[in-house]
Amino acid sequence: MGIKTEAFNEYREKMNDRLLSAENNKIIKRIFNVDTNTYLEGELTVKTKEMLGLVASMVLRCDDCIKYHLIKCHENGVSEAELMEVIGIANLVGGTIVIPHTRRAIEFWDDLKS
Amino acid sequence: MGIKTEAFNEYREKMNDRLLSAENNKIIKRIFNVDTNTYLEGELTVKTKEMLGLVASMVLRCDDCIKYHLIKCHENGVSEAELMEVIGIANLVGGTIVIPHTRRAIEFWDDLKS
Amino acid sequence: MGIKTEAFNEYREKMNDRLLSAENNKIIKRIFNVDTNTYLEGELTVKTKEMLGLVASMVLRCDDCIKYHLIKCHENGVSEAELMEVIGIANLVGGTIVIPHTRRAIEFWDDLKS
Amino acid sequence: MGIKTEAFNEYREKMNDRLLSAENNKIIKRIFNVDTNTYLEGELTVKTKEMLGLVASMVLRCDDCIKYHLIKCHENGVSEAELMEVIGIANLVGGTIVIPHTRRAIEFWDDLKS
Amino acid sequence: MGIKTEAFNEYREKMNDRLLSAENNKIIKRIFNVDTNTYLEGELTVKTKEMLGLVASMVLRCDDCIKYHLIKCHENGVSEAELMEVIGIANLVGGTIVIPHTRRAIEFWDDLKS
Amino acid sequence: MGIKTEAFNEYREKMNDRLLSAENNKIIKRIFNVDTNTYLEGELTVKTKEMLGLVASMVLRCDDCIKYHLIKCHENGVSEAELMEVIGIANLVGGTIVIPHTRRAIEFWDDLKS
């Protein structure tokens, strides 16, 4: 795990804690809860679900969501050859506006594997 | 295959033919060509790729793209229980604005299986 | 309540029932549940929340979501003069691509009041 | 001008009139006014501006906006060969989710020229 | 007002000045002008309008727009409990891709109140 | 060419190389290839095509895509007065959420001309 991955995890955790300790945070708490449940093993494997989460994050162009699912894809055994096919679909469906996010994604992928 | 699926396929084919017979259609032709190649069996199965195409289409809220990938998912053996997990991820990541597209998706799913 | 409002409500209910009776529908059910809770009276009134839901639906250009929140806005006493200010913000923030949705919104507004 | 073009123009005009006669319509009126001014001859020709409006409408996937700018492109002498290059850029930048809108665009283009 | 808020205000002002001193800036000037008018007290209070602007900015995932409306919400007396309900609607309607923007929003909220 | 332009070009080139040397990069390679072909002189001039690419990037709010097309627009003789008309269309069609991207665009424009 490289420096960028650590920084990402740290900030993410700190601000999630802040959000979950806000008063009147009922809805956010429940959304976080559904979020956790959605990616659990089910009919589809966690690996497949994380690739689904990744491609959705890429076409919606959310860098932090991409980073999170890259970490999870890596943890669940997605290879670089498989990642490149997810990336291919994202760039085809979402268009060339996804390319800058792809550049940052592959940079983060290298960091998290380091 | 129901009436809606037939109508969808027919219109899609007719207008694709029209586009591919337009003068100066080089770029569109090449994009169509990359499109075909992207969903071929590779490191990932066609089934997985079609689910990736579906979730991308759902979060980007493109009804016709959803229909196309539903047909392909069905052809490649995606079950309703698996479909519901793809739908779950799409609605979680993309938010409740995906719900109306989900209603139309499940209606089309029922039609194409009929 | 006009013909369009009735047709909208009927289709929405029918397909929601279909979705909620699908096997493996846990995530969709929970999202629907959070959805209901989010718009309940809280620190903000239901009226304010429905205007927030409306403006979000307009800038994201989801016609069915717009229709739903128009019904709720009307039920909760939003006047046409107030509606026009929500519409103004949506068209300013979201740009002129919101105009076609605004045309359909005002048509539906007239229908639901009829 | 074909049947679809007429129907489009008629509905657009009717609902614009409705919007502009709503009470408290100040903001919508001003946005409509800026809209008109933006596409006037300036440093760039009306033809170029309408192609810019078209490509923006395509990547944002607004069918009615696409129809409007197709009419204006046609009026200002955009040829089919030129249109196909605008379409190429839209599908490249915006991705394959633009394809269904492209199918409807070329169908409308044929209608408006008929 | 914290360091981040100051930096945000300073950059925003500097670049707005640059834009408004560009030659041929007629359209941008008018859009800025409509922008100012849209959020003035009307049928709805400034507070309500700023919450509408905030939720629109959140679902469209524009960090700088979010920051601007957070400043205005704070100035107009939106409490943290109210803010959390706006945030709840934004994350529900816009989906979990809004979460990273929510983390940055709450961080900025803490900064501007400091 | 200023510091920001250099940094942008350097990072872009480095990460494009990384992507194009990934295993299983067939789809990305082909998309990059179509990308190059799309902006070549054709029925429309390169200058017009780059303005089309710019307005598409602006309404889709992709800062790196905007930077790339600003460089190309500058190379192909787009004047500031012309640029301001492209910017006007982007902000009108895409709404005020485009303004923060416009501020960064004009800052980059000044940098690349320096």
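In order of appearance the chains are A, B, C, D, E and F, and numbering begins at 1 in each one.
Note that in this section contacts are C-beta pairs under 8 Å (C-beta built on N, C-alpha and C of every residue); 3 or more make two chains touch, one makes a residue touch a chain.
This is a predicted model, so every value here is computed, not measured.
When the contact pairs of A-C are matched by residue number across A-B, C-E or D-E, over half of them reappear in D-E.
Think of subunit B turning onto subunit C: fitted on CA atoms, that turn is 120 degrees, to the nearest 5.
For this pair, subunit C with subunit D, the centres built from the Cα atoms lie 26 Å apart. Taking the mean of the C-alpha atoms as each chain's centre, subunit B and subunit E sit 36 Å apart.
The set of subunit D residues touching two or more other chains comprises 24, 26-27, 31, 34-35, 38, 42-43, 57, 59-60, 65, 81, 84-85, 88-89, 91-94, 96-97. On the side of subunit F, the complex with subunit A involves touching residues 11-12, 15-16, 18-19, 22-28, 31, 35, 57, 60, 62-65. Residue ranges on subunit A touching subunit B, taken from their complex, read 34-35, 38-39, 42-44, 48-49, 51-53, 55-57, 59-60, 65, 79, 81-82, 84-86, 88-90, 92-94. Remark: subunit D residues 61, 80-81, 84-85, 87-89, 91-92, 96-97, 99-100, 102-104, 106-107, 110 touch subunit B in the complex. Across the interface of their complex, subunit C is touched by residues 24, 26-27, 30-31, 34, 37-38, 42-43 of subunit A. Interface residues of subunit E facing subunit B in the complex, by the touch rule stated above, are 59, 91-98.
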